[in-house]
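Presented sequentially are two complexes of subunit A, the first with subunit B as partner and the second with subunit C.
This part shows the complex of A and B:
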């Protein structure tokens, strides 16, 4: 039995819409039932994605298939989006009391229904983005994602920092969208195409002026740089990450970033014949690496620390992008998903008892050994300790960079890894070395415990046995020739 | 399969302890079983004198990257396993009462031991590297939670130094992997060895430099040594024993296992640099050691200093010197572990390790005085102990390289300078012994208890091993030298 790829997104949309409709009639029932339903539904769609047979994009396709591809990369990132959303929903269930407290409403459960439903629409947007091979499609799916994030980022609106985060995100994101559209028009003006493959063909024609196309690409890069939090388009990240409800922060830092990178990988392919783009990306990657890691050093608020760390990880991912290593970038993103979601999951649970600062984690090893262990593994993986997925991610990225002789990037990468050891282990120090006046165990629901256990298992499993992810990425070996031919030059 | 047991026995025991098994008893049994299995391999399973790897078993991990989980032994790795097993047992015996998080303490120790075992028994670059790193976080926790003195600074320092060093090393390893032609590319030591001759000289130089830096940071090569004394002084004694005795030797093992045989031309290109740096270890750090006022700091610096001799053996470029380096790795691991263990016992009783405060402990703790004296003699390199044989082999081997009665080359000059190090180490070791054990005993300390009788077993094993290989170095060389012969004969 096989399923056509677009069915997946449609199923997600239907799930979200029907949840919204049903929710309107269920005033009395516990709204968390909705979240459970959504998790089950998304899990079913995740399972169904394995019945989709990936197919390489057909350059001469017309109609729908010139906008949409179901290549292995796309299918892979659809699963990625689904898994992220499932874990985010689990976190949202833990976060529900906070939402309830900070939303003025007629009923005690006001707002919860939307809180649980919006991520599903985001998920659909992310899944479309993974498949988009045409600028129009990229733009539309990006907007679907952004608009649902506008709402989510300022969801707990009684909290002034959240409100600030929401407004900041709204304005800057809208601005970046403007850049994207403007860039697309320049590229369209030069090449007369919006489909990426056909843009590549048009650019290969020596008669075409590359200057305006380059300018257009520059504008597109600004917009994507905003999505992936690359320096110098990162200034929104710390405030928004700190202010937004924590599950939304997790979603932003994983889902939004991953989608940004998929689009970046796809969009860059036609433009890499222009050497200026490569130099520009190297500069951005260097800045991102150095800024993200250095700025993370003095942070005391864990959410802010994770925000800067997400900038830092964007830097490592950009090394992979510059080295044209789609496989390494994808693996790194999977590792990033596991470890970032795990740290946010622990953060949500602990923050409810004590707070979001690093010193609020003092003595966690005594209070809740399991949570401390989970955080330890997340931090070890973020820092890049072997036998965790985070290490293999860095390993693949550095390998790709060395293969392409990106010496500057490699040196910056190694130095910043040392910074990483410092600020990630700061959290470990708090949990294990310091004592806390508070000795009561942190309450943890069975579902969250299971989700954390799954994430831990994933981190360690992929840290030892990466083959499943690599297999999923390159079954019809489509991206490989591109990298090999590039390494030959 | 027995290797699988040796590697995973400590790790599984650590997990069991974390889940809730009785900490000390499980750890002790795991150490005893590991030592028993290693002894079995040493006397039974391993055939000395044969070239190549024995007891090889392999499991595929990633086909795309040609990573396999491969375990196997040659003489060099066998002796490293023996060292690890002995020191692990001693470290666990020397663990006193742990006041907080007892389970986590033993689990961390066993993780370090298991990581070392895995690194020495792996025939695959990836796991060779990864197993070593397994010890990084446990070391951080051991020093940070149970350390003494300036533990926080020490823990950060060692973790950041070793973390960075590991990533430099990782770059070197990836470049090594990439430097052989596509078809021969592999993470397997044996395959790399076969393809090594195809690595161009220029690439060899670059890779060797990276490996030297990476491994050098891990082994506290001058001037990257500053993490070591502080960390060892602050670490709880069993952690210092394991780290200084075993884990630090990983870098030296890596140089002997990878850098020398795979990159002979690279080694040639950088030998002058290495000799200059290692003289920094022997002379400069040696003088710094003399100036130390605390026993634990002195031992930490002395362990940095003695690395210089092992590096000298590695740089010597002769079979004799290289064998000496291997023997010295083993001998130093034993003597430094014993010294750190005893220093811990002394601190536990007196509450201080400042040399001028101590004195006359020989009267109250005769057994400790005897054990410390033997270990100090071994560390100085007195004849009869394995350290002596190792140092002699290293010095003769180095002197012999390009020896020419007309003119001294850098090797002969290095040998002469390094000989002074023997005097230096005699000065600080004997002075420390006099300060601690001779002279008048403080009255309040007259009732100090001597070493626990149970410690006789680990101390006996350590001393016996050192004496055995000191008197019969041939039994060591016979096992180890086939690992180097292929490299030196082909040269």
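This part shows the complex of A and C:
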């Protein structure tokens, strides 16, 4: 049995729409049933994705297939989006009481239905983005993701901090959209095409004016830099991460970033012939690494700390992008998914009882040994301790960079990793060496416990045996914009 | 005779005015308006490129015009959501000025 790739997105959309329909008629039912349905539905679609046969993009395709590709990279990131959304929904179930408190509504369950449904539409957008090979498709799917994130980020609207974060995200994200669209305009003006492969062909022609195309590409890079939270477009990240509802923060930091990197890998493909772009990316990667890691040092709020850590990780990922290592970037993103979602899952549960600051984690090891262990593994993996997925991710990236003779980036990377150990282990110290004022265990639902156990298992398993992820991307030559552009330089 | 260059200059001006508005104005609604101006700058230059890029048979390049329709639709969706968020902010804070919205700080 085989399934054609676009069926997956259509199934996700149908799931989301039917959930909204059903929700409108169910006033009395516990809205968490919706979330369970969504988790089951997305899991079924995740399973179905293994029956999709990858087919690389055809450069002469017309109509739908000139917008859409089902290559291994695209299918891999569709699974990535589905897995992220499932874990985010599990977190949202834990977070539901907070939402209920902070939405003014006629019924006690007002708003919860939308809270559980919007991530599904975001997921469809992320999946489309993974397959987009045309600027029109990239723009539309990016906006599907952004607009549902606007609503999600300001969802708990009785909380003024959340609202402020939502407005900041709205303005800055819309600004980046403006840059994206104007950049695409200029690229179109030079090449007369919106399809990435055909843009590459047009740019390879020496008679073409590359100046305006480069200008357009710069604007597109600004917009993508915003999505992946690279310096100097990172100013929204700490505020929005801190203010948004925590499951949404987790979704933003994993889903939005991963999609940004897939688009970046695809969009850069036609432009790597231009050496200016490479120099610019190296500079951005260096700045991102240094800023993210240094600014994380003095943080006391764990959500804000994770925001700066997300900026720092964008720096490591950018090293991989500059070294044209699509495979290393994908593996790093999977590791990043596991460890970031795990730390946010623990944060949500603990923050319900105490708070979001690091000192609220004091003595967690005595109160809830399982949660403390989960956080310990997440932090160790984020810092890059051996035998965790985070370590292997960094290892693959640095290895690819060395093969590409990017020594400066590797040196900066290694120094900042050391810096990262300090702030991640600060959390571990609070959990294991500090005394806690209260000794009551943190309540934890069975579903969250299972999700956390799965994430822990994933981190350790991939840290020892990374092969399954690398195999999933089996024909890496097609997904990496490597050979031809490298030789052209 | 109006050439492609004229359209591009106007579109560049629109984009610059929009960007300057986002950076300099202090009212969130006006900032939001400036953002829409930036999108329309892109629309204008896309249509101009489409009109001046004729193929051998003299037919304009319709890719750009289709893209413009997508931009208009998406911008409308963005305005709907954006204004709702700004209204919610106004209800909570009785203000739409950026200086008053700055509790989240380093």
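In this section, the second predicted complex is superposed on the first by the 476 of 489 C-alpha atoms of A that agree within 3 Å, B and C clash if a C-alpha of one lies under 4 Å from a C-alpha of the other, contacts with A are read in each partner's own complex, and residues count from 1 in each chain.
The working rule: a residue touches a chain if its C-beta (ideal position, glycine included) is under 8 Å from a C-beta of that chain, and two chains touch if they have at least 3 such contacts.
Being a predicted model, the structure only gives us computed values, none of them experimental.
With both structures placed on the common chain, the touch criterion links A:163 to subunit C but leaves subunit B unconnected. Once the two complexes are laid over each other on the shared chain, residue contacts for A:422 go to subunit B alone; subunit C is not touched. By the touch criterion defined above, A:181 lies against subunit C but remains apart from subunit B after alignment on the C-alpha atoms of chain A. In the overlay built on the shared chain, the residue A:23 is in contact with neither subunit B nor subunit C. When the two complexes are overlaid on their common chain A, residue A:385 makes contact with subunit B while staying clear of subunit C.
By the touch criterion defined above, A:9 reaches neither subunit B nor subunit C.
Of the two partner chains placed around the shared chain by superposition, subunit B is the only one that A:376 touches, whereas subunit C remains out of contact.
Contact with neither subunit B nor subunit C is seen for A:360 once the two complexes are overlaid on the shared chain. Put simply, subunit C touches subunit A in their complex at residues 8, 11, 15, 18-19, 22, 28, 31-32, 35, 38-39, 41-42, 45-46, 49, 53, 61, 63-64, 66-67, 70-71, 74, 77-78, 81-82, 85-86, 88-89, 92-93, 101-104, 106.
Those residues of subunit B lying in contact with subunit A across their complex are 61-65, 101, 104, 129-131, 133-134, 136-137, 140-141, 144-145, 152, 155-156, 159-160, 163-164, 167-168, 170-171, 174-175, 177-178. Residue ranges on subunit A touching subunit B, taken from their complex, read 365, 376, 380, 383-387, 391, 394-395, 398-399, 402-403, 410, 413-415, 417-418, 421-422, 425, 428-429, 432-433, 464-467, 470, 474. Across the interface of their complex, subunit C is touched by residues 135-136, 139-140, 143, 146-147, 150-151, 154, 157-158, 160-161, 163-168, 170-171, 174-175, 177-179, 181-182, 184-186, 188-189, 192-194, 238-239, 242-243 of subunit A.
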